[in-house]
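To keep things simple, chains are lettered A, B, C and D as they appear, and every chain counts its residues starting from 1.
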Amino acid sequence: MDGPQDLGGKESFGAIEVDSPAYREDWERRQWALSKLVAPPGLTIDWFRHALETMPPGVYLSVPYFQKWNANDMALAIDAGFYTMDECLSGHASEKGKPPDTLSVDDCEDLQRRMNRSFATVIEEPPEFQVGDTIRTDPRPRPGHTRLPAYARGATGRVIAHHGAHLYPEAGAKGDHIAHHLYTVEFCASDLWSDCEASDDKICLDLWEPYLASA
Amino acid sequence: MDGPQDLGGKESFGAIEVDSPAYREDWERRQWALSKLVAPPGLTIDWFRHALETMPPGVYLSVPYFQKWNANDMALAIDAGFYTMDECLSGHASEKGKPPDTLSVDDCEDLQRRMNRSFATVIEEPPEFQVGDTIRTDPRPRPGHTRLPAYARGATGRVIAHHGAHLYPEAGAKGDHIAHHLYTVEFCASDLWSDCEASDDKICLDLWEPYLASA
Amino acid sequence: MPSFDTRKIGEIHRQLHTHLPSDPALRVKALESLVVEKGLVTQESIDNWIELYSERIGPKRGAEVVARAWSDPDFHARLIADAGQAVKDFGYEGHATEHLKAVENTPDTHNLVVCTLCSCYPFSLLGMSPIWYRSSAYRARAVKEPRKVLAEFGVTLPEDVTVRVWDSTAELRYLVVPERPKGTEGWSPEQLAAIVTRDSMIGTMRDLPPEPA
Amino acid sequence: MPSFDTRKIGEIHRQLHTHLPSDPALRVKALESLVVEKGLVTQESIDNWIELYSERIGPKRGAEVVARAWSDPDFHARLIADAGQAVKDFGYEGHATEHLKAVENTPDTHNLVVCTLCSCYPFSLLGMSPIWYRSSAYRARAVKEPRKVLAEFGVTLPEDVTVRVWDSTAELRYLVVPERPKGTEGWSPEQLAAIVTRDSMIGTMRDLPPEPA
């Protein structure tokens, strides 16, 4: 969907703060930890990302990154009936739970290592495209949690890699476990931007088969 | 350009405040009057609108409409060397001027009536398209102050009116006085949106000839 | 003179955003005191412009135009042919009406006006636009889901009525001419004008009441 | 269970925005106290996760991988063939590295990584991303004007060097392998790793210094 997250090529953002650190404030670190250590049941990565896209656009584009994660963690848990709105606003649980075991740094490292989750899966359908094929992307905005950015719509590119089938975000954001073939597609800068900096420059995107048609 | 102003089809904005009035605060009326009564020399409507597009997107999408006009009036005047940044921040003129004559309500009404400015002009080039022609719009984002919205890029439509030549915004935003033929183009909803509400619904836009190609 | 430089004006906007107070009332006060001190305008002129737009210019003007089009076939024809010219009969020409286009609702078509790129509006005919017309939500949604937008305004459109959305991307401005309600035969133009609402001339209202509101 | 309902979650976001305090530190404090009270996590676990990411996981991991690829042709071949598998040699697999792809700079190609749709990053290999990587400005501009972006980072690319921007729109993550600088012949992997910077593995730095920083 054409939400505030779809930033590629958008203008008026000004200079990049090239010297900015990983965190400016202590709460940013704590939010990062909270997001990785606590998740409501049934959460998928695609529903997490899609939920971020539904934030008020003026907020999405104004507040620090981990403030968005904080709001998203609360929104996802409220949506799933895991916390209530009142609990989030008060910061207190209506029913207290038994403290769980503490994870040591080693436990955290082990948990982190196990986050190398695979999104690849095997499907029966053979791939529609081969490396070297010329494709055209869907020209219209796609509803839901699409991963075809607006700047690459209706554009002609070349398949440079096939990765087998990967879980499909538009389905994942609805809780469905469906996969499609995934390709890396290379576009010439001049095919995406009329005022491109150098026409030989390339932009490569990882795109699922439903986004593509033969060109 | 793909600035924050290009809102057609963008999502996550929520419900419309259908009962909202024309103004919520007194300062909104005063800013409206200020914008209509005071303008820096050399200002064009296209440069005014383009300047709004360069606001930080998170601000553009968060603040009330006339707050944007206030910032834009200041920015335009600072850019033109008409006020300084310090004058805008302090609210005081470094050199005071002689008070001008007051405009009565009748004077204001007369001024308002003379705002019916024509943007039509005559050019030598004949129109490239006729009413009834099928056209395709430019598929790529256009730099500068374009009036081809992102949602209507690379789309096929039908010319339903020709308005002669009108001043061209991409030129006006650069201070140039250039005109191109202007058309009203009708698009089927289903050609713009894959999840359209009703495929017979139509969206009509007024588009200049450089945005269009025969289809 | 303006620089016409996109990066320069964007940088000025960012500086203003950083340094101005967050309260817009204070910002407007600063601009007003600055231009008054500079001798560019008087406070009384500002007051008078505000009075003009609260007392004289408003949707009653558009309503009069619509009522006359309902009552006078000759004026109706002229309004459809060149609305910018036709409104001069009333002396209602002005801000953003020179390239005015009247679009008529019919039993099988409903017109809706939006400006997705800014908030263009025929001010001289309808007065100041409502906040919702200038909102991101309306500008974003009217072209993509006009029927859901209309439903929020209480308008339920049958499937066999086609919506035509007019996105005023150039200097043309659009005036929706609503359908004359049944039961108004023999009404005077004044009686008719009294039932024409602002929203019906933007297209976010469809059925007008059969008696003066 | 999640509703998977776009409108519902958007409405919750709007309510949270209206009712939460504007200070993000207070918001995070509220969430932390809530989850601790609920017995979902302890504060010590949070402290330990933070320590993990400040002490153990960071760009030194990626630098080691790059240094080994420079030093060991067999590892280099495996890294190019399947980087997600290759980093398991080091035990560096983890958050977002399963589908890792190594892309090499050459004298005539420069690689730059961005995620325009969110801020995907190979955390387990590079640690927490810098704020600029997650910023709207970088996400917006890297795909459209990579050379201007690089110039802001102090990298001036000759015209005959092609830029390849990798927008990580799926679960693949990209690791830029910078060119090994001249003058480093005979260096140990540890010496080599010391000159590989985080930015050089994202692509916002190109030339590494010829001696350990």
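Worth a mention:
Definition applied: a residue touches a chain if its C-beta (ideal position, glycine included) is under 8 Å from a C-beta of that chain, and two chains touch if they have at least 3 such contacts.
Just so you know, these numbers come straight off a predicted model, no measurement behind them.
The interface with the greater count of contacting C-beta pairs, when A-D is set against B-D, is A-D.
In terms of the distance between Cα centroids, chain B is separated most widely from D. For the pair chain A and chain D, the distance between mean C-alpha positions equals 14 Å. Averaged Cα coordinates give chain B a centre that lies 39 Å from the centre of chain D. Between the CA-based centres of chain C and chain D the separation comes to 49 Å, rounded to the whole angstrom. Centroids built from CA atoms put chain B at 33 Å from chain A. Touching of two or more other chains is recorded for residues 1, 9-14, 54-59, 61, 151, 192-193 of chain A.
Residues of chain D found to touch two or more other chains are 10, 14, 136. With chains as nodes and touching pairs as edges, the resulting graph is of another kind, matching none of line, ring, star or complete.
Inter-chain contacts occur between A-B, A-C, A-D, B-C, B-D. Chain A contributes residues 12, 14, 57-58 to its touches with chain C in the complex.
By the touch criterion stated above, chain D contacts chain B in their complex at residues 10-11, 14, 136. Interface residues of chain C, counted against chain B in their complex, comprise 1-6, 8-10, 12-17, 19-20, 24-25, 27-42, 44-46, 48-57, 84, 91, 93-99, 116-119, 124, 127-132, 134-141, 143-149, 152-154, 159, 162-172, 204. Chain contact summary for the complex, chain B toward chain C: residues 1, 5-11, 13-18, 20-27, 29-34, 36-38, 40-44, 47, 49-52, 54-56, 59, 61, 63-67, 70-76, 78-81, 83, 85, 87-93, 95-105, 107-109, 112-120, 144, 147-149, 151, 163, 166-167, 169, 173-175, 182, 184, 186, 189, 192-193, 196-198, 200-208.
Of all residues in chain A, only 1-4, 9-14, 53-62, 138-143, 150-151, 153-155, 192-195 touch chain B in the complex they form.
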